[in-house]
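One structure below.
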Amino acid sequence: MNSVILRVGTRYLAGLLLVFSFYMMLRGHNEPGGGFIGGLTGATGFVLYAIACGTEDARAALRVLPQTIAIWGLGIALFAGVFAAAFGDALFTGQWLFIGATDDDKGLPLSTVLFFDIGVYLVVFGSILTLVFAMEEEV
Amino acid sequence: MNTFGLNIILAIAWVAFTGSVSLTGLITGFAIGYGALWLIQPLIGTSTYFSRVTAWIKLIIMFHYELILSSLEVAMDVLTPRHRARPAVIEMPLDVKTDTGILLVTNLISLTPGTLSLDVSEDRKTLLVHAMFADDHEAILHKLKNGMERWVIEAVEGAT
Amino acid sequence: MSWYLATPIVIPFVTAVLAFLLRRTHWGRWISVSGSTILLIASITLMSVVQRDGVIAAQMGGWPAPFGITLVADLLSAVMVLITAIVAVAVSIYAIADVDEGMERLGYHALFNMLIAGVVGAFITGDLFNLYVWFEVMLIASFGLLVLGGRPEQIDGGVKYVALNLVSTILFLTGIGLLYGMTGTLNLADLASAVDGADPRLLTVVAVLFMIAFGVKAAVFPLFFWLPASYHTPAFAVSAVFAGLLTKVGVYALLRMFTLIFDHDTAFTHTILLWVAALTMVVGVLGAAAQSDMRKILSFHIVSQIGYMILGLALLTPLALVGAVFYLVHHIVVKANLFLIAGVAKRIAGDTDLARIGGLYKSAPVLAILFVIPAFSLAGFPPLSGFWAKFLLVKAALEVEGWIVAGIALAVGLLTIYSMTKIWAQAFWEPHPEGVDPELSSLSGRDRAALLLPIAGLAVLTVIIGVMPEPFVRFAEESAAQLLDPSAYIAAVLGDPA
Amino acid sequence: MTEIIAGCLIILGGVFAVIGGLGLLRMPDVLIRMHASTKIGTLSCGLILAGCAVVFAEPDIIIRVIAIVLFILLTAPIGAHMMGRSVLSTGVALWQNEDIAQDRVEDALLREHDTPEEK
Amino acid sequence: MEFLFAITIGVLVSSAVYLMLSNNLLRFIFGLVLISNAANLTIFVSGRMTDGAPPLIPEGADAPLGDVANALPQALVLTAIVIGFGLFAFAIVLVFRAWTTLGSLTPDDMRLAEPDEVQK
Amino acid sequence: MAGGFPTDVRGNGAIGIVPVLFSAALFVYFASLVPTIAAGDILRASVPWVASLGIDFAFLVDGLSLTFALLISGIGTLVLLYSNTYLAGHPQYARFALFLTAFMVSMLGLVLADDLILLFVFWELTTLTSYMLIGFSHEAEKSRRNALQALFVTGAGGLAFLAGLILLAAATGTTSISGLIAMEEDIRQHAMYLPILILLLAGTFTKSAQVPFHFWLPNAMAAPTPVSAFLHSATMVKAGVYVMARLHPAMSGTDVWLWTLTIFGAVTAVFSSLLALRQTDLKQALAYTTLMALGTLTLFLGQESGYAMTAFGTFLIVHSLYKAALFLVVGCIDLSTGTRETDQLGGLGRLMPVTAFSAALAAFSMAGFPPFLGFIGKELKYAGALAVASEPLLVAGAVLLSNALMLAVAGVVAFRPFWRSSVPAGQSPREAPWQMWAGPLVLACLGALFGIYPDLLQVALINPTVVSLTGEIGEAKELQLWAGFNIPLILSVATFVLGLLIYAGHVRLRARLGSVLGGLPNLDTGWDRFLDGLKGFAKWQTRIVQNGKLSSYLFGTFLTIAAGILLTLVYTGMPTIAVDLSDVEWKHTSIAFLTIAGSLLVLATNSRIAAIAALGVVGIGIAMIFIVFSAPDVAITQLLVETLVVVLVAVVMLRLPALPRAEFRLGHAVLSLAVGAAVTLTVVSVVSNPLDLRLTEYFETTSWPEAYGRNIVNVILVDFRALDTFGEIAVVVIAALSAYALLRTTRKRGRE
Amino acid sequence: MSGFLELSLEIGFMCVVASVVLAFMRMIKGPSLQDRVVALDFMTVAIVAFCGLAAVRYRTSAFLDVALVLALVGFLATVALARFAERNIVRNRKDGTDD
């Protein structure tokens, strides 16, 4: 798309969307958001990029093959699920670690659930880009 | 704009101190950081940063004023039975250079009275503007260049 | 407990991920083979555990049923997983010779293993919505595998396959919504008792809705159109695994739902099923009689034989369910094998259209023997697995004085003989129209091994089931008993009320 | 008191929204309609969100509101620009105010070919 | 209230079915989108509808205060939406391929997999 | 097979010899059992097979089964010996020997089985192996057709037979043959007796080629001659007879049994011997005489009397001996002269003396001249016929006529080719190698031997057979050449006279018969018509059901859905519906209408953009529903997905053609409305009942304390129902990979 | 919550919904591709406002998140469709098809 305005706008928006998508994913456990929403938002950033600057640039910006990202995401989510079994629990049992937890404050929670959500994010992100890039290139 | 970067770092530091990871924390951190930097200005040497910020604030205010104005103007035309609009497409030469500048100019023009920026020529020299009330092209052009574009250039490119 | 049930799902996914990451190397296929072998071991373990301890269940995430998702395996689930693993091993070996590098680069092995994961998941989940999810995994993977290679007829078949399966999927989803809206639960075992509180009239309606949704998956009359439209188009390894497993997941779902949950008005629901079964058998077998392409004939026979399994469910007597289960197992082995053989025939004789090939009996006697076993097993000749399957169902039908269905079942068996002998006569006996002698030696040593090993293995299994049916029949009896009296199943999931 | 302000903002926003809709419906050609939708739409949205901010009066919310408005201010014109240029390049018929002197507008536009509108 | 949206679902389904029956793949896709929406809505409606109380637990509370909307159907719908999107994505690509490979969007003209007897 | 005998008479080496030795060993083994059985013992052996179905791997050796076993293994040995030369050097001889031996074993299993299901297993195995043998010269269209015909007819009978067996087992509660023979009364009294009998006879009549199911047997002569000798004279076709004999004690003695067997048997005997006379091909002629023999055997099994039983046992053996011999002889003639046409053959007597001798012996036995066993057999036949309870004359007449015809045929087949004067030119026939004349000679001589010393047979086999048929030894009648002046003797004389007359005039008679019988309906051509009809019907049905048109597939599917739900509602009656609109706000209504309007616009428009925009509206409307009804996460997802949907469609449409103008289809409209109505009705009635919220309550109370999440929906997604979510992201990945693969593969192809 | 705010919220909802309806009418009328897209774009903005109203009405900031996402992502559809409109006509000039 040979539009200066769009290209420039995209430069800001894409980054904005990406940052914003992380934000949405991380807060997901307590407020609206989560892996899907994050992944979808992040993906739209690069979709916009692809529309504005073409898929070559978008792929270059992404560096990694989107389908690889997706598969890794699946792997991470799977690991997060199986990880629990290492503690003798059932699969997909959340394992929590509260950094700096005090009696009144849970501190900074770190959990397999979060990992799982990250996996979800990557899957959605990677899959949508796989699809959109391929289609952009075909059309 | 390394001063700006410094300011950001200060904001983050503030967040770290207070431990409240929220936009509020970040903003307050930024504000306090800005104040701090302004105080220690002599140490970090003169920078356009501070004037730039004032320019930004001015731009934002002006812009909102324009936005309301434009909306009212269009609203009038919408509500009145006969159209007063005299649409025309005007080519406006661009002085602003940077991408950000161009983006801002076009966007702001789109959001201000009677004009809608359609396209920027490939050479980034001219901007196609659709004017709703194009009785006098020159007037419109003059208004745009001394209004929006100047403010933007001041804010973005720091020229005075 | 948790591991026994989880590994059969986890393994294919791990395999898929690895196979995809290494898709550009030649490792993919070996990962796929070893993955399915490990799956086989896992499923054997699962089976032995189930046989030892009875129905076992695991609560995912450690959340008690019915709140979390439960994985549960009774004998039926266990045997379905086992047979799936067997087919997976066979097909992944076959694929070494059948799937070209282009397809591998595009992630054939990943898709294949995801398909297996979906099938396994569907067999061992104890949660209705989770069942839907696994159906989707299976379905979308099958979409990909079906069109992989992108030949025009694949696209054409794919369009019909996708269109019709999407309809059934959405119907399934709607049904889940409605059933939840009536009972407030999704756990199958919990539903079994929860439905008693629901308005029976409404329940019957929802039951019919599920019947249709699963009916499409199981390819029963009048919902089977997608199957003969597409199964003859993809790679042979793919169509073999489709033929073996996909429709059977639908049958499994019907078996499960209509013994565990929708047993409140069998006079209505199972009478419908009886009609469906009869019509499916007949229409399918006649469809096969009209075809002249090996894979098309076999595809229509899938339909017709689904009818037999539904018949078992419809009669709902212990013996009938025994027959259904036995038929299910036998059919998967035999049908997958026949598609694999069709692939070899195509490789050495050049086509699957019976008019364009021949001479296999003369110049490829090994293949001939390997074909005769599953083909005549399919036709119900003793002492092969198919005979016992047919025998049990006919016996069951006669015992409840279902003269007509019994007659239909037998007549359809005769027409099955007709189709199988048609293939035999035109592909094996008849000389090749171009006078060539198709020989297995025309294949490279590796290909020959990769193609014939699985075929031989499945053939041996067919013979074993046929010659030593007792353990299988007894097994089928036990699983049928579990189906007819789900109290053990429910207890395993929800914990003993006592 | 704040609620009064908020209420007014909200009502005002609503009124502008309707005007925007009317403009979209009433204005004679695409570009002019875009004037309506872009500007008034943005404004009404901004007003309502402002009202929202006033009601909550929590910094967290206010910042979120500001972010929303900024996002819209950033995206809406870009979208408008895309539409505008597609209008130009496809040469959709543009409305001429009859009592206007035929100036470059014509050359600018009637250079574009006759109008392929949808049937 | 559910009644109102049951009607909506009905209309969505009807239009979807009509579109899917129209012998054109692009319309089929449109129908698909509609009917998936209808299915999602069905789950949502079946879980009953609560006005204006999202299933969120406020800070400091251990459980939602007062009646909040039924969270489970929401989770199911969310899952269903994403799955539906996956299916849709494949479907649209398939339609695209059907056009580029078979040169038609009219499924009834696609007879390569099942040619007429006369053609054979 | 024309062009004289194979030069390499050594045969096929080990592949040729081993089967011969194997079957010989079997024969010896069974022969060694003769004294035991003759002493009146019955041998049983049984191991459980399918215990849970009560099916045993059980065997039974008594007079009847031993007689068959000896015939099978004995003739089998000779036939295998014969074939080894007959097919010397044939590339597929190994398969031939394999199938023939396999057949022999199955046949033995069939006659020795003491379990109904086991018996059926072997029954089907004989069908299968014979299919392979009939189609042995598989490159000829004719053999393939006839093999299929035989398989289909006997297979069809077999399925009925199976049903009969299942019912019989159900009626008696056992599958053990010896077991159910003990309960003959219960069986005859049983309500299911008639259906059982009909089903069983359907099996046996087809297998034993009784008119009108006879047509497959002459066609089965497409098989190599040894096969015909073995299967279609001595053994397989007698399987049906065997089963009838085996069940005779249990099921005979009713009028149905009597009349069915008598009539079918008599008709078959007469009709087929007329047909036999009509044939000019030696093999065909023999085939029809086989039918005649089968008819006669069936006829006797209809009866109860000791005479009939003795006659059955004797004629069974007689026929097997001479018929096998004659087939083998014909094989020799065929190989040595290259033809089987009677009119082209003659004067072979001097050229092939041994063959001629065996042929003569066999023929005399067949014609029933003294002192051959055939004579005794015939005498007994008459005796048996006269002993028939009702209508003895009719039966006797039938037997007389058929015997006379048989005599004539014997002349035509075994006399004329050798002793007729003229020798057709262009052939140098010579004597067959010993491997090929040994068989016929032995068999024929046995015929003579038993004729002269009948009591050998009497003691060894006949009596035990009669015992297993009737139960008591006393029933067995004397086998003797000279029984004094009695009606049988007179009938015999009449037979000779009539037979010789027919033989004398058989050429003219043949023409006459041709014109008469030619008029009769020919089931063989009927078979072709049947197959064509089947194919035609199948094609017709498939054209309707599977017509390759997606639109009709979808129509069928949706029709099923609508009909399924609505008809069920009709059946169950309308569930309770409570429409509560009290809490509906105008907001809800307007959102609903917006959504509806959007979907209607998609329906109405012919513009793709309008359609997509309208889809967007629907999406927005539904998002608004999610917002108003407090599902923010869902709303966000919905909007994001909606956006992506629009983007994808917009991208794809860059290549797709415009929408065709939508023309209104009433049928579609009605169906769509029906489906919509069905769904609405169901949803409404579902929500009319209260919902059990215990799951939700659990989630609400545990979400924060146990899963540390405040957004319950998200907690459900990533914790309570994480497995769903995992499967779901798997779906997303697979969808992407599949779509990617689809896009790429085709592109690659496009380039190729 | 004071009666006035209640009232103003109701009015606000009414107005926003009304504007959406008006936009929908434009969407039906067309006539040009762009008209329809513009209408859709306007609806998106209206929904953002709608979310704001909902947030106030139900005192839940959650709906602002919906608005946030939509504000960022909504115009993507517009861009894609605009591009389509632009290329489409160019294509149609060639193959003469009308949308």
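So that you can tell them apart, the chains are marked A, B, C, D, E, F and G in the order they are listed, and the count of residues begins at 1 in each.
Heads up, the rule we're going with is that a residue touches a chain if its C-beta (ideal position, glycine included) is under 8 Å from a C-beta of that chain, and two chains touch if they have at least 3 such contacts.
Just so you know, these numbers come straight off a predicted model, no measurement behind them.
The set of chains in contact with subunit E as well as subunit F comprises A, C, G. Here the chain-to-chain distance from subunit B to subunit E, counted in touching steps, is 2.
In terms of the distance between Cα centroids, subunit E is separated most widely from F. Most remote chain with respect to subunit D, judged by CA-atom centres, is F. Measuring from the averaged C-alpha position of subunit A to that of subunit C gives a distance of 36 Å. Separation between the centroids of subunit D and subunit G, computed from CA atoms only, is 11 Å. Measuring from the averaged C-alpha position of subunit B to that of subunit F gives a distance of 89 Å. Computed centre separation for the pair subunit E/subunit G is 21 angstrom, with centres defined by C-alpha atoms. Of all residues in subunit C, those that touch two or more other chains are 13, 20, 60-61, 107, 110, 129, 133, 136, 140, 143-144, 147, 150, 155, 159-160, 163, 167, 174, 178, 181, 228-229.
Annotation for subunit A: residues touching 2 or more other chains are 3, 5-6, 9, 12-13, 16, 31-33, 36-37, 41, 44, 47, 51, 67, 71, 74, 78, 91-92, 94, 124, 127, 131, 135, 138.
Subunit G has residues 13-14, 20-21, 30, 33, 37, 39, 54, 58, 60, 62, 65-66, 68-69, 72-74, 76, 79-80, 83, 85, 98-99 in contact with two or more other chains.
Contacts from subunit A toward subunit E in the complex involve residues 31-32, 36, 124, 127, 131, 135, 138. Interface of subunit G with subunit D (complex): residues 1-2, 4-5, 7-9, 11-16, 18-23, 25-26, 29-35, 37-39, 41-42, 45-46, 48-49, 52-53, 55-56, 61, 64-65, 67-68, 71-72, 74-75, 78-79, 82-83, 85-86, 89-90, 92-93, 98-99. The touching residues of subunit B, counted against subunit D in their complex, run 22-24, 27-28, 67-68, 70-71, 74-75, 77-79, 83, 85-89, 106-108, 110-111, 114, 116-119, 128, 130, 132, 134. Within the complex formed with subunit F, the subunit G residues making contact are 13-14, 17, 20-21, 24, 27-28, 30, 33, 36-37, 39-40, 43-44, 47, 50-51, 54, 58, 60, 62-63, 65-66, 69-70, 73-74, 76-77, 80-81, 83-85, 87-88, 91, 97-99.
Of all residues in subunit A, those touching subunit B in their complex are 2-5, 7-9, 11-12.
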